[in-house]
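Everything below concerns the one structure shown next.
By letter and in written order, the chains are A, B, C and D; residue numbering begins at 1 in each of them.
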Amino acid sequence: MSRIPVAVLGATGMVGQRLLQLLDVHPWFEPAFLGASVQSAGKPLAESGRWLLPEPVPASARLELRPLDAPFDCPLVFSALPSDVAGTVEERLAAEGKAVCSNAAAHRLAPEVPLLIPEVNPDQTALIELQRRRRGGAGLIVTNPNCSTVQVVLALKPLHDAFGLAEVAVTTLQALSGAGYPGLPAMDVLDNVIPFIAGEEAKLEREPLKLLGEVRDGRLREAEIRISAQCNRVAVRDGHLACLTVRLRSPASLDEVGRLWQEFRGALEARNLPSTPPRPVRVHSAADRPQPRLDRDAGGGMAVSVGRLQSSPLGGLKCVVLGHNTVRGAAGAAIHNAELLLEQGWLRGPGGVPARPPVPAKEA
Amino acid sequence: MSRIPVAVLGATGMVGQRLLQLLDVHPWFEPAFLGASVQSAGKPLAESGRWLLPEPVPASARLELRPLDAPFDCPLVFSALPSDVAGTVEERLAAEGKAVCSNAAAHRLAPEVPLLIPEVNPDQTALIELQRRRRGGAGLIVTNPNCSTVQVVLALKPLHDAFGLAEVAVTTLQALSGAGYPGLPAMDVLDNVIPFIAGEEAKLEREPLKLLGEVRDGRLREAEIRISAQCNRVAVRDGHLACLTVRLRSPASLDEVGRLWQEFRGALEARNLPSTPPRPVRVHSAADRPQPRLDRDAGGGMAVSVGRLQSSPLGGLKCVVLGHNTVRGAAGAAIHNAELLLEQGWLRGPGGVPARPPVPAKEA
Amino acid sequence: MSRIPVAVLGATGMVGQRLLQLLDVHPWFEPAFLGASVQSAGKPLAESGRWLLPEPVPASARLELRPLDAPFDCPLVFSALPSDVAGTVEERLAAEGKAVCSNAAAHRLAPEVPLLIPEVNPDQTALIELQRRRRGGAGLIVTNPNCSTVQVVLALKPLHDAFGLAEVAVTTLQALSGAGYPGLPAMDVLDNVIPFIAGEEAKLEREPLKLLGEVRDGRLREAEIRISAQCNRVAVRDGHLACLTVRLRSPASLDEVGRLWQEFRGALEARNLPSTPPRPVRVHSAADRPQPRLDRDAGGGMAVSVGRLQSSPLGGLKCVVLGHNTVRGAAGAAIHNAELLLEQGWLRGPGGVPARPPVPAKEA
Amino acid sequence: MSRIPVAVLGATGMVGQRLLQLLDVHPWFEPAFLGASVQSAGKPLAESGRWLLPEPVPASARLELRPLDAPFDCPLVFSALPSDVAGTVEERLAAEGKAVCSNAAAHRLAPEVPLLIPEVNPDQTALIELQRRRRGGAGLIVTNPNCSTVQVVLALKPLHDAFGLAEVAVTTLQALSGAGYPGLPAMDVLDNVIPFIAGEEAKLEREPLKLLGEVRDGRLREAEIRISAQCNRVAVRDGHLACLTVRLRSPASLDEVGRLWQEFRGALEARNLPSTPPRPVRVHSAADRPQPRLDRDAGGGMAVSVGRLQSSPLGGLKCVVLGHNTVRGAAGAAIHNAELLLEQGWLRGPGGVPARPPVPAKEA
């Protein structure tokens, strides 16, 4: 069976290129339309002088870049657009009946838009009903979290379920690719740290509340957790590292926490999705792990690595969490969400019947 | 008047070389003896192939390296020895009547050894009396804190005095020079972060308690503050950055905190020392400061820079603190302590009379 | 059919680990013995705290490290030993009948030891006859060139065949991994270039003469080319870049040179080896390529990239050549040589009959 | 006596900021006008958020940025404008009677515009007569070379005088600051080399011919040397390193070459200028020097460092040359030229009489 054709918007950017790289070998989806700004449109991405990733270049990079308002047939859209552009483009596409998996921040906190991590809150797709009632149309928008949020929430989820999270202080050391391309000037980064990322701390303090919330009666109730974030940019290509100090609502031993991570497989509905790693959380016991260079590609970039688990002198625990920011934190997250939508029957095929995965999950 | 001759032990190391660089232009002290391991001894440091700092090379680097047990005449000793060697060497020298300003961790937490930051706790030199009673001899040992501790405590001191510190969560992004030379392999550091520095978190959780404690009846009472530290190594040459989340004992507005830092001049006894910067704490309002590259050399490397002051969602405040780890955090700190000893009359000149500064402070 | 068991000596080093990584998916060879220094021996490599490469860790890293003098059964040995150790160990193994593919410099220039690049001089294995006559025994030693030599010679080979090389001036910008682990201190490399690599310039000036020489009457006649090399270390993880100025013996247009590279497939005998890339030389027309980050992994790290082809004001041409130093320049080169030995019938299986590839080349 | 007020155009750029930093402590010149693009004008540079250099910030950065066409009184202008803007602005100012010391490429190769390195060709200011005849006006334009050219020519000058240069092959490893700010994206530079700098190779192949040429009968005759350049960008903040292979017209021993460098003091007319270092060429015998980090600041950034002197297998010699690209290669070079103009009497003071240095050279 052939793969489902998909559109990738913002294809020339850092996340867009990761989308093409990941979709190049995806069992279900195949890029058929690459949308970009008018200035970039008109030639194949691979020949635009903007391809940024190492060899090998994916086949879909040979597709011609098209303007964002060009028509296309694909029922499923991945949006890696800048947030200021994403809002209206994504709304228009949803109104036209497309299913939009967005990496942009524009709609993340809207009450009727799911903010998803398939292993964490697959039930939040129920908000799509509310979305359709409010916005009309047969399309939909779902979003994935900010790149520094995903990994932190994946690590915190089993602890929240078992003990309840009360307070989290998180300091991040974030990779350059999170700023897109061209991103930061080399002159600012070499032999330096930038202790500021615009808007990032607010996202990291707020998005987990929605991700760890509950859907009741078709509406979302956010979790009640106090989070304080401090975000730094460091001279690392890929891989956001986060240092966490966590206070739980009920006491937990380090052994229990370690075991919860070891055993965490994520929500049932997510377990058979192609992008769900067998072990979404990898636990390190070596004192100097996880490290961005060594661990960002664990589970094809979709597994999160935790380590340095210790009791905190403030009560609770401290630990380090690492994830690949443009895979698990962006492109892979959007694809993961699309897999969940397909598995749950939200995507429509020809004739309006729910589309099915072209090949069985996990056997591709 | 001529400068006081001093010995520098561990002269070939990263901190030893900073000592020579700083002493090269110091108004009071002049290197006259360079002690090193037996393997290094026998030739001038500048010709040993181990000089690591950029041009210009200080005049004292032309001195011949001598073995650590070679005799010398200087009444004042700077020790930049590795901690495992420092303990016994420093004790022997103190027993011989030398005043030892040590950068090593060996004696820092001993109840009879002052752990000093001149602007913060110059009165802690009173412990020297206890030290002499316990250990005998006319010499003395004083220590400066660990390189990541100094800057954090300088920034916290005015807040502690005004509002009382209850809890501090600190995550550091520490520079390579903190690991000495050769330190970390480039293969480990390029495009990477190492979330671990052996022994560092314990030092950062403990040393501030002594530094912010009180001397009563000739003994030290440590401050009661809960501190949790997470320490990371990043690809920065010099300059440790620390992200702090702080809970105070009494409420404080951000304005009050900012004003306290602006107005902080340090303890009276420290104000006229050559190495005390006019403003020991520099406050930044730009959103992306302080940065290691831009701010580590503020005040000749002796001023600490703070910024990103915000209210924390956990209560209290969060901020970023930066200091030059091999100047304020090591070599400059040891020199600063020696200045304090001289100013307070602890150093003896010929005939046993208290030595005086060869030139008036601040007019050198 | 099962893969041929092989020994990997020097398994804990940078090249040793690349050997295991590449062999993990090799169709013909499978690591069965990991030799290391006595200090490292006794536990699995993956648990030794010395594994340096990113996820995923190859299965063979779970093998226990054994001392170099432990006995093993494998007929084929990959040596990634340091040169000072390699000489005698490799000779002993060859005397015992093993076929040794060495990455070390120890034997490279010996007249009876082939120095091989399969696409360039597969006929040089004829020197094995001389080797056996001189040294006795049924074993053999073959070597691959220094990491900066391989890529330069691959790019020069078609030009030498077509026009004759007269003079080559080469300046290299070499990656950190070429110095092994721990290699250079980060303090030396950050914000710096080291314009010196011990012994490297001599290797780069000499090895190409043997590689481009001819075997006549069982003996090697070196090529007559004048080469001048200047070698620098830069802050790049993998990928040596070389800037070449080349004078040819007969005139050649840039078009001809470009076409020769495009059409270069290497010696016939090498074309079907698993590690021979379909196009051993990739030609770039973009003005800013090749670049280490983007191009080092071309052809799985076995293809060499050339670009910036221009006429030189000195006569002749100038260009830039890039190759992956620990793959094409070391581990992959040694494996490539073993493939050639197997294909040419130099390896003996059980009963002394020539071993055959367990699966057809290129269909593995 | 007070310093001569000068204008700095392009003050917000990398070179403009270096100009202010160097002029902050200059004995003769004092910034009085900072010209910048209209967008930047209107606030002090130090408050524009564009100050890029570490502490301390020079006093003149507190001057308000003015538009380029705002009037000013200073007789001397430093132009650090981008080349596309520099041409017409500099011509207008010269026509108005200003003396313009330009760092831009716009006029460098014009026959009537001196291209100067004071130690190398101070007599080339004679072209100003030709310039005034052709262009009219009492002003003048002089230029300094491209940042990679200066250091190479300083090192080659004594060899050219003594033996004659026939051919030079040069490969550069150039620092990030040479590309200005923002310059290259960090994503392009981390773990990478860019083997291309637009226009750079042509400048390096051509400018030395003018610099080493002769003025006869008021006109310049370029030197006849064949130069081939290959230019690379590396992850270094400041300091261009160049690897040279040189063929001389008459034979020279390495000892003779080393002695020429050691003894080189530059042209007589330049020796007393404030920016002329006592030894313009520093010779290193250590095998791994010069290095950008250690040697770029030699002589306050105005001395050039050479090392790795060897005989080349191609005949002639090879060596490595290093210089600070934004000091000796740009801002310091422009100031140096202004010093020469003042010393030679080309600058006019009030009433049109030749201006004189406000303080004796070398005693400032």
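One rule holds in what follows: contacts are C-beta pairs under 8 Å (C-beta built on N, C-alpha and C of every residue); 3 or more make two chains touch, one makes a residue touch a chain.
Because the structure is a prediction, the values reported are computed rather than measured.
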Chain labels contacting subunit A and also subunit C: B, D
B-C compared against B-D, more contacting pairs: B-C
Chain at maximum distance from subunit D, centres defined as averaged CA atoms: A
Chain centre separation in whole Å, for subunit D relative to subunit C (CA means): 43
Distance between chain centroids, defined by C-alpha means - subunit B, subunit C (Å): 49
Distance between chain centroids, defined by C-alpha means - subunit B, subunit D (Å): 40
Interface hub residues of subunit C, defined as touching at least two other chains: 190-191, 235, 237, 293-294
Subunit A - residues contacting subunit B, complex: 167, 169, 171, 173, 191-196, 198, 205, 226-228, 230, 232, 234-237, 241, 243, 245, 287-294, 307-308, 312-314, 318, 320
Complex contact set, residues of subunit B against subunit C: 14, 52, 176-177, 181-191, 235, 237
Subunit D residues touching subunit B - in the complex, by the definition given at the top: 49, 53-56, 190-191, 286, 293-298
